[in-house]
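Chain lettering (A, B, C, D, E and F) follows the sequence in which the chains are written, and residue indices restart at 1 in each chain.
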Amino acid sequence: MPRLFIEQLTTPGQNIEGVFLVAEKDLRTTKKGAFFISAKMRDRTGELPAVMWDATQALFAAIPQGGYALVKGRLGEYGGGFQITIEAMRPAKENEVHLEEFLAVGPGNPEEQLARLKKLLDSIERPALRALVAAIWADEALVRDLKRAPAAEKLHHAYLGGLLEHTLGVAETCEAMVKCYPKLDRDLLLLGAFWHDLGKTRELAYAQAFGYTDAGKLVGHLVQGVLMLDGKIAAVRASGTDFPEELANVLRHLILAHHGTHEFGSPKLPMTAEAFTLNHVDNLDAKLHAFFRDVAADADPVRRWTGFNKMFGGSLYKGFEEAVEEKEKELEGGL
Amino acid sequence: MPRLFIEQLTTPGQNIEGVFLVAEKDLRTTKKGAFFISAKMRDRTGELPAVMWDATQALFAAIPQGGYALVKGRLGEYGGGFQITIEAMRPAKENEVHLEEFLAVGPGNPEEQLARLKKLLDSIERPALRALVAAIWADEALVRDLKRAPAAEKLHHAYLGGLLEHTLGVAETCEAMVKCYPKLDRDLLLLGAFWHDLGKTRELAYAQAFGYTDAGKLVGHLVQGVLMLDGKIAAVRASGTDFPEELANVLRHLILAHHGTHEFGSPKLPMTAEAFTLNHVDNLDAKLHAFFRDVAADADPVRRWTGFNKMFGGSLYKGFEEAVEEKEKELEGGL
Amino acid sequence: MPRLFIEQLTTPGQNIEGVFLVAEKDLRTTKKGAFFISAKMRDRTGELPAVMWDATQALFAAIPQGGYALVKGRLGEYGGGFQITIEAMRPAKENEVHLEEFLAVGPGNPEEQLARLKKLLDSIERPALRALVAAIWADEALVRDLKRAPAAEKLHHAYLGGLLEHTLGVAETCEAMVKCYPKLDRDLLLLGAFWHDLGKTRELAYAQAFGYTDAGKLVGHLVQGVLMLDGKIAAVRASGTDFPEELANVLRHLILAHHGTHEFGSPKLPMTAEAFTLNHVDNLDAKLHAFFRDVAADADPVRRWTGFNKMFGGSLYKGFEEAVEEKEKELEGGL
Amino acid sequence: MPRLFIEQLTTPGQNIEGVFLVAEKDLRTTKKGAFFISAKMRDRTGELPAVMWDATQALFAAIPQGGYALVKGRLGEYGGGFQITIEAMRPAKENEVHLEEFLAVGPGNPEEQLARLKKLLDSIERPALRALVAAIWADEALVRDLKRAPAAEKLHHAYLGGLLEHTLGVAETCEAMVKCYPKLDRDLLLLGAFWHDLGKTRELAYAQAFGYTDAGKLVGHLVQGVLMLDGKIAAVRASGTDFPEELANVLRHLILAHHGTHEFGSPKLPMTAEAFTLNHVDNLDAKLHAFFRDVAADADPVRRWTGFNKMFGGSLYKGFEEAVEEKEKELEGGL
Amino acid sequence: MPRLFIEQLTTPGQNIEGVFLVAEKDLRTTKKGAFFISAKMRDRTGELPAVMWDATQALFAAIPQGGYALVKGRLGEYGGGFQITIEAMRPAKENEVHLEEFLAVGPGNPEEQLARLKKLLDSIERPALRALVAAIWADEALVRDLKRAPAAEKLHHAYLGGLLEHTLGVAETCEAMVKCYPKLDRDLLLLGAFWHDLGKTRELAYAQAFGYTDAGKLVGHLVQGVLMLDGKIAAVRASGTDFPEELANVLRHLILAHHGTHEFGSPKLPMTAEAFTLNHVDNLDAKLHAFFRDVAADADPVRRWTGFNKMFGGSLYKGFEEAVEEKEKELEGGL
Amino acid sequence: MPRLFIEQLTTPGQNIEGVFLVAEKDLRTTKKGAFFISAKMRDRTGELPAVMWDATQALFAAIPQGGYALVKGRLGEYGGGFQITIEAMRPAKENEVHLEEFLAVGPGNPEEQLARLKKLLDSIERPALRALVAAIWADEALVRDLKRAPAAEKLHHAYLGGLLEHTLGVAETCEAMVKCYPKLDRDLLLLGAFWHDLGKTRELAYAQAFGYTDAGKLVGHLVQGVLMLDGKIAAVRASGTDFPEELANVLRHLILAHHGTHEFGSPKLPMTAEAFTLNHVDNLDAKLHAFFRDVAADADPVRRWTGFNKMFGGSLYKGFEEAVEEKEKELEGGL
């Protein structure tokens, strides 16, 4: 039986057999005291609630939340929508899981983006920083994580490759800022742009579903980024290149201060011109990405405003009348 | 007697005769009930306290605060410093005042800056907005004010020509942002950059000393800017060019929302991508200007930090070791 | 078939044919990819969800959100309640819509309220301000809007005529305040009371359903009020009456500062005694209106507290024991 | 028919006859205008929605919210769950209500806890305070309330006996603090620990269901505690023992300042070392109780984090890997 | 030697002998280790620094801060101003102190104000509250304190009689509010107006100099007011008049909530219509008093703005041009 | 000439020759354009302003701020106090500086405190953590820094040895908390207590004068502490002891979250029971230390309140009447 994606499950009674990502699971008890599992199953095309009666604590413990399960059952209905009634379930084996069926993938070409980022960083001038950049490219695992990680669980660039796309966006905008404000230290700003969110490769889980790791919840990507930086600086020094401690502190500061205020989790306020600039550029890149995404996601062809948007604290203005009129014309043309 | 500037008043007993800007004035009474005037006198080179005994309420009222007075007296001492003991004083006549002796002047060339700004704005495409731009250049008084006004009383670009310099900085950085984020509406963003602080020509007093006008205190530059915009839109419409009301609202929004939050005095939060971008670019241009100014103003050649800086909430980091070392070398070379 | 109001739709299967206000509409897709419209239909007596299967994007675009549609269908059930299953729908023609069937109407008599407001304003003394008042009464469209607009979408006086009722309440309380505090400038305070919310005639949409206009979202009623004031001042000046600029600034300030703090959207804090007083009286009139409305809306005859009230941050105390006991007695009398 | 608890109601159609606590009640009208009552019925084992058709306003008024009703009906279904369909209902008589069937009871032994608390307080040294302590123990109603009251409606120690358990916890931790910081005034700190939440015996209703009294909503437990203190001080003075007014003020301050900030409802900030210490110890005891309760309540044996916890602003970390592994081992052992 | 007031001390070397209020005192040590006293001496006309060399700890302890001292010495100079060099000093005896020489006295007539307040309160209707009012007037000490106390140490009505003036202002404005909003409970609002600041008779010290008592700092006037209310309610009940507990709670709430927010020290937010109204009227009366006082205190006849005013967060607008012009004309007339 | 301490400089004209700590230095220019140095000189007994005329930029650069200078000059007077007029000055040589003349030293015995701390930490049970503790004691430089560093520049325990004293106080109070709340993980809490401020050995400069290092300003002691922890964990692992990553994360969290809120600079909120407890105990130890210090520093034997205290937001209550009376008796006894 070929795999049916969730968007293809539309007929009550359909047989279901396949691997799903277990987005949520809860062990509950019926009024009579029997255990049952309430879960949410996900693939790339959507999510459905699921229920398995006659479950055991041991089965529940075996099914990995945020991991994959092989599910047999059929499509049922509940509360006005569909749900999967699970008849049997076990953890999926590694060779049964095809990741491209499960994770959102960004629109960009990672190799092309990485090449642009490399070109920018390779133009850094100070020898110590050039050695640091070389140490980055030499670390294949790091480069692989950078290409793969999302930039956030939900807020912006929340797809595989999002971290690289956001990092490149910030770096290229920083390059533009250096041209507008030549007193900025280009070396430091570019390196800060590169490293500001690198800790997200450890803060976020994205091997299976997007979420936060324990390290992410307990330590966070700012300090994780500093720990990663210190690891690389140690390697540079071990290789015989001088790396002044003050330069290390200035780079740590760029990472720690990039959220701009204590309120947003930075333990230090930006006190260098580059840290201040990086904070603004990072915020602008993330927010503009989210702005254009949320405007594009609004399906209504005539209204000029989206619904209430939590990130911006109001409805977003989708655009000036003429643009909307063009959309309407296209639509009319299609009738 | 040639005019002595305040920085030249260094010998107690020196005779003083000349025009000063009356930065502050207070009418007080001695223990015995006689009136005396306590004032602060200013010229381009500094400020000194001044006192005039045996004053009258009428004389006090006649002397214009924020205006100019012809002062006769001599240099005295008080509280460990110098003060001017005024023997006679009257309002200065217009032909006695030479403004260049009193007001700080920015470092740029206004004509060159205006030309760059014009080039940017003249590339705007929509006909209604082109008509609006034409109406600006046709208003000689407005262009004169734009070239002359400071951008703030104290915070940033606080000198004659500062408003133009800041407006150009914001506009050029916005142009760079459009290249980084092509979904931004270039016409709107450039016009917003031009108009965001234009109300400062009415909010700030800068004919004589920098300060706030009554309109500035009661209404503020955001709403003044909107009133000025509405005046120009009325003129465009009167000339027969169609100017849609929605376009007007989007421009008003750019002006009103450019402070970004209610806390900083914007009656509306930015809800268009251009308003959000303008808020960040404006903030960045103003703060970077202040950052580099305050770092440059710090006279100590060896310390890496300025004193506590109120705008940034801490000491500013003056720069990386090597830069400071270069300065030291220059200094050593000079010994 | 006579029009059935929503409160009369109580039997599943009832045929429905009539005009409804389209309070919300969404275009969605079934699992199989077909479009359907999910909507909320409203009249004066209530609101029901509605669904139309087999819809098209063009039909969806044609139906005006916040406008009126002629609907044919029957009463169905969904999720434990009623919903309208729409069989056919088109935009209503102007002569098919009877507004009194759709919009909440305030309890007062607008003509009587307007007369009281006129009497107060006509007692203003300064010639410039008398000319301004005359210009108001001469503007029939303005007076019509004032009589018709609500004072808010939901918070207080949210019905046709609410703006006039609130404006009169504020003006009469201001008049009482002048008697308590004779140093207040009566002319300014009364004119401020009149104009403080006048921009709501442009901020709010109330021709069909209550909501915010584009101008309301982008500019807001404070600045809209100032623009309306400037229009009238220009007319007064054009008629030859002197209107000093400082007087205009003081009036603009009254409008801009009447929310009292930046946090509530005022770009200026109240810095005149009249602005400070107006802020308090406005707040008191709006909140007392809401307080008594919410207490009256609580149907339970015995509890002394309403449920949690968001505006006041807690449960409202409905009144002292004896009052509740009186209510109970009335009730017992009726058994 | 023996009483069935709510957790035993599992078969649609079951007959129901028994006393329930009326947790909520609302009088509503059907589309046709008839009254019906929608309610929530509760006992010690859970809560179910209930509905009674053909109700009257008089019956509604007679049924005590937060009190007990004798209910006849049967178990129905609604919205995917069970609900009680009430056929007849009247207020329960006092002898029909058995409180142990309705209220959560804390895990501790009140007599043993009271003895420990007494031992601590009886070691207080100053004569005036010893007289105050004696007056407490002599007040049987107060001691009974202290043993019975919960410490909060929901936040922490929300069960009968919770106030005593929390009071003892705070007092014993304060005793430990005195050993760590001997400059603290032990007499004052212990008495403050005893009295800090005593006003909750009047703020909270716990005779039938947990909730707030009118006095609790209008006055609050801080000021109620001060009024109770003043009553006892008056008694001590009346008995001839000197009780200095300053001592009274210092004790009042301990009660009024124990929430630590204005934001949390203290009218005074802690300005004595004992008030500052009491604020911290109270907070720690309440939060650690809630922390361990919420971690224990999480049923999932493998996840290391609870869901989002409002009191702490995030997910709680349930414990270090080895602890979780032990739990898993236990579980495996049971399979 | 007749008493010289501080405003008469204008000649260095003048002999001084008289009673002064000791506004501040500090015991300090010279570089050589000798004690000296640094103090501030005050009478009704002003304040001067004072110094006494060769002081002892015992003398320092004997001199009452906030009390009166008989001082012998002469007028010296220090730091550009005058100071009293004390040669001998001892605590003043009671018959040496004439209070009218030391405390600011309000402009009103307390007997006339009290009569107006009495007339308002005597019109209260509920018997329990009438008994409460009667108990107030029967308490001569309370009436005397009410007539004498200031309303604040510095903020507003900071003079003898200020509390009565403010209480009357609030009560009369509340009476006006009842006419504007007839649903308000007049009895409760008037009694709340009377009692809201009554605790200031215990919070503030005003027998000698204005300041805070220990009770004021530890407990505050809100809770002090409630304790005073409870004392009077106990007396009413003792006299046989029924005083329902709920009525007591509603009155306590009016006192406790009258600051309006936790931030300003209210332990409860206003949840009755009367409490909400009282909060606004109290704030308005206090702020308008301060506004007109600070505008009147500004000596400059031409400027339209005061200096920065901390209470209002900006410069106060002194009034419209014509008013200022009138002042100028008066002034010109006088020249 | 024997060294004169600053408290011995009491006679204008005294010759001065000795080493001083340069607490502040500024290079200024006279009216005539000559450089002069304005400085503050400090030793253990106090601080004096100093001025050196005819200075050069090179000399200014050579004198180390926060370091030591050999000064020749004499005692002058300025602005009503003493100042040092410097005639010659050069950086002090290492053998000329005796640190005990310059830095405040705590009251405790570091060896005894260290022994108590060791005893507590050596009772930790988990092998990985025992290895970590062993690695601490093996690091002589770390132990030396711990014994020597202050706990803060000014706020609390601001003297040599203060960090050890504060660390011990927190650890011992945590031990007491574990006894009160046995569910707390003793190993983690003790190790967190030990490490929470360890980064201050790098954040603060205390070799010469107390201040912040560059690393302190750019990175801060929270993240410095984590970097130090990671260094030691790497060493433990290198020695062959297993140290689970999750255990490392939990320890990092204890350090990063110990300020309790974002506002106070923690990048993570406490989400383990131990982190929450550590935050409260740390705060309590620091604040009680400051409370008792500031009360003890108040020299006035009779007043019950200190002046306004910024850390606590008000005047501190120095203690109950009887305590003050005892002090007075002692004083009287001494007269």
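Here is the rule we go by: a contact is a pair of C-beta atoms (placed from the backbone, for glycine too) under 8 Å apart; a residue touches a chain by one contact, two chains touch by 3 or more.
This one's a predicted model, so the numbers in the text were calculated from it and none came from an experiment.
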{"item": "Neighbouring chains shared between subunit A and subunit F, ordered by label", "value": "B, D"}
{"item": "Intersection of the contact lists for subunit C and subunit F", "value": "A, B, D, E"}
{"item": "Contact-richer chain pair (by C-beta pairs counted) among C-E and B-E", "value": "C-E"}
{"item": "From subunit C, the most remote chain by mean C-alpha position", "value": "F"}
{"item": "Interface sides of subunit B and subunit F: same vs different residues, half threshold", "value": "different"}
{"item": "Centre-of-Cα separation between subunit D and subunit B, whole angstrom", "value": "60"}
{"item": "Subunit D-subunit E separation of Cα centroids, rounded to whole Å", "value": "42"}
{"item": "Subunit D: positions in contact with at least two other chains", "value": "214, 217-218, 246, 250, 253, 271, 314-315, 317"}
{"item": "Category of the chain touch graph - line, ring, star, complete, other", "value": "other"}
{"item": "Touching pairs - complete list by chain label", "value": "A-B, A-C, A-D, A-F, B-C, B-E, B-F, C-D, C-E, D-E, D-F, E-F"}
{"item": "Subunit A contact footprint on subunit C (complex, rising order)", "value": "26-27, 30-32, 56-58, 60-61, 65, 78-79, 214, 217-218"}
{"item": "Parts of subunit A lying in touch with subunit B, wherever the complex brings them together", "value": "169, 172-173, 176-177, 179-181, 183-185, 188, 244, 246-247, 250, 253, 269-273, 276-277, 280, 283-284, 287-288, 291-292, 295, 312-317, 319-321"}
{"item": "Subunit E-touching residues of subunit D, taken from the complex the two chains share", "value": "214-215, 217-220, 222-223, 226-227, 230, 245-246, 249-250, 252-253, 256, 262-268, 271"}
{"item": "Residue ranges of subunit D touching subunit A (in the complex, touch as defined)", "value": "7, 9-10, 80, 82, 299-305, 314-315, 317, 328, 331-332, 335"}
